[in-house]
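See below for the structure under consideration.
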């Protein structure tokens, strides 16, 4: 029989429920009685018309049998609560899907190697083979799955197979230039993060830097969002911009944009890893 | 007979012409021979397909008869140049058109009072009378011209009349909530500056803060542009953004947006006053 | 006998105490039993060596007799808690001390007029008389108290007298160019907000823009802090910077700096008004 | 006999001289007669007390014998000019000196690999051996020269030897934790770029993140500067900051700081590579 590790652990509790008095009292009372210490807490109430309450807590807590069942019965059910509980030391498993541009993938891998991203990366999947060497040098399995119109469906099935084999929790499209099918997207709701190289909703679709150049904007941007069936329309997690001038040709925008893309994507991925993102309708709460 | 003031003056020279070798040499040689000293210069060449050259110079120069005619004959004509020359001490005359929101107008008036905006403000025109007192306290004539569907045409004619009487060089729409007719716009090409309360081209049209809220963007912005016949489609002079979160209701976006709007508008107006803006197609060069 | 207003009110509760499990549970349980709804909550624990816990809550609560006494007895005393409770509709009374520069004062007055600053401004005190008219036009009493080396002590006493008469809660030094005596400062601990025109600790003391110019920095900044006996050394509430280049003379830095100063000061004053600032040692927690 | 390549080249011309009328005319006239086209030009005049003129030009020009000698005789000598001329295709040779922190070095190598930095990197020198593998994978020679108090002088001589063998033009201290001797610095005036992990002049010296934490600043920064004999006092090339709060422990500041450090260093290195930096006294002009 395996012995329970009773050293204190850090855990995260996310909840959402109809807003009413007593939620914080109910949750914190239960946690106190369970020996948990609240290290940090953030909450958000939507406007009264919607009437929803969201909270994220970081806890210091010992692993204990029956904790989650008791929470369900004594707190969640009475308050009609949806919730999620996870220990911080249970590292999520993140897949990266990438095409030929390396900057977003490399930034993620670097931060993973440096310990900045507390995540496991069991595999990288690409429809090009140009980044295989970069992955191998860091010891990360690389799968080359080229896609044509004829093989798209079949290759998506192969991707799903790989994600399952590697028990992937969520995936990052680090400039993956293929549109995923609704079937695929439905398997990973709010668990596919894409980086779009514009300040959405401006310049959705293809070639945003060219369109930004044509319009003569004075800032270019990038947007990290969860993928939904509507292209470039999913819940936005993070955005940022950089200043440009008439001096910048399209190629300059592309180069400048690389830095914005990778920072925006990294911040979004970090927030997801740390269970800081909750989705409400087509919007996010980022605690 | 009036005596010519021969103390050194600061002047600005703007030129645009087909790009070819020798332009800087030709212009600077002429200026040197005219006793002018180049205090600052900026230039821009478009890509070879367009092949256009733009330059802005700040000069130290004595007023002298025949200078502009000589420049036309010896420099501008041979180089097929469009150009504009103005002394810095000839202050432009700026009209402000405003509705009920005061923040953009007040910011302009403050900076004018403090000497930050080197411009004359002969009048403010509004379709509301709520800001009359603010203008009067600063000694600026205020004209109240309410607009209804029935009186729109007639009031626009009244505005044109006022602008002419006051010899206005350019005007600023400091949150003026009326759409100007093409006839009006055509009288002041690239001389009407509007502030739109979004990061264009995102959220063009009405109620941009509401739309930004609905989309769940993480940044809101503002855009200053020259007015053209296409609503919110004119050449962009300046843009900026501010970070927002899920905590911000629409009213918060409106409040935060006020600061972005006034800074963006102020920077655009300053650039216009200092003859730093040149228009090429539907884009600007801001030196 | 005055009748108690039982309509729901918004209030803010700030607490600090030794960190231990059960604080949130204890506070929220008490609030729930008192009929209060927690609208928002933020908390912060210092590192274990210090072992302190800080929390700010926004509540919806009816005014009720005995509430504060009960909180003291049942929650604060057992947890060795320092705390502060205030209704949002009890507007703080803010004095502005100013010298000859108008930008910081005018920005505060504008935002007050527009409703952005939920505060009362019973008076402005200045050692110059140049801003009297601006205050009068907004209906704010202006006191001119010129200061010389000989009259400094006496005028400070006059200021204290005025602050008491007007029941001032806190004051803002909106570019007030006089150093306050330790006696004065000790009367208003963490209730005097100063704006220093540099990114502290760089360029403390006089003429920071000149020193920034001499050093050739590429960013200039401003710092809002609580005043303590150590000049420019008090707890920092807010800071920001703006980019500058070799083109900027000292006068340009001064002009650019005006915008940074007023934004930084405004944000600090807002945070103070909303009871978002807690002081720990010589540092602030800004919730 | 080698044949001259007469295809058009891009070149950069930097000049500084006493300010007087006719400089631009003289230079541009000479360039026009030499068949050079001015692609871009920036200039700066210091205030009249100093009376200095600086200019950077990008030219399209054919390689031609005698060009530089003619420029010296006909332009530079009459105008008492210091100047520097270089073809853009002559890539500078950059050495990187690094200790154990990898982020700055890796960022430079990445951008070099992607073509963003138009420079040759003949070698990396380190007093640790931990980054050898990263360099080897990119094909860059790595020299491990550990330093102790006893070997410091000898190892510096070894570094100089390596720099000479590899014909290094300038070097980057990418978090190199050794202080270079005045003798070493004097060999590479304004050709050693250091990144300091604070917003200088704040927190000069060791452990700036700890000091920033202790002071409770709301922004942390980084500074890239040329190395001089005065530690952390050389001419500043670039600076930037990031926002922090009371939530950030020292370790968080270190992590956040990594991003600022590498961006600031990269921008400074780019400016140096592109001959955009001129030094005047202890300050820089960055065109």
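Going by the order they are written in, the chains are A, B, C and D; count residues from 1 in each one.
Methods note: a contact is a pair of C-beta atoms (placed from the backbone, for glycine too) under 8 Å apart; a residue touches a chain by one contact, two chains touch by 3 or more.
Going by UniProt, the chains are A, B, C, D = Formyltetrahydrofolate deformylase.
All values reported here derive from a predicted model rather than from experimental measurement.
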Interchain contact steps from subunit B to subunit C (minimum; 1 if touching): 1
Of all other chains, the one whose Cα centre sits farthest from subunit B: A
Selected pair, greater C-beta contact count between C-D and A-D: C-D
Subunit C-subunit D separation of Cα centroids, rounded to whole Å: 43
For subunit A paired with subunit D, centre-to-centre distance based on mean C-alpha positions, whole Å: 38
Junction residues of subunit D - those touching two or more other chains: 44
Subunit C-facing residues of subunit B, complex: 102-103, 106, 110, 114, 116, 137, 255, 259, 263
Complex contacts: residues of subunit C adjacent to subunit A: 20-26, 28-29, 31-32, 35-45
Interface residues, subunit C side, partner subunit D - complex: 44, 47, 199-203, 215-219, 221, 235-241, 245-247, 249, 282-286
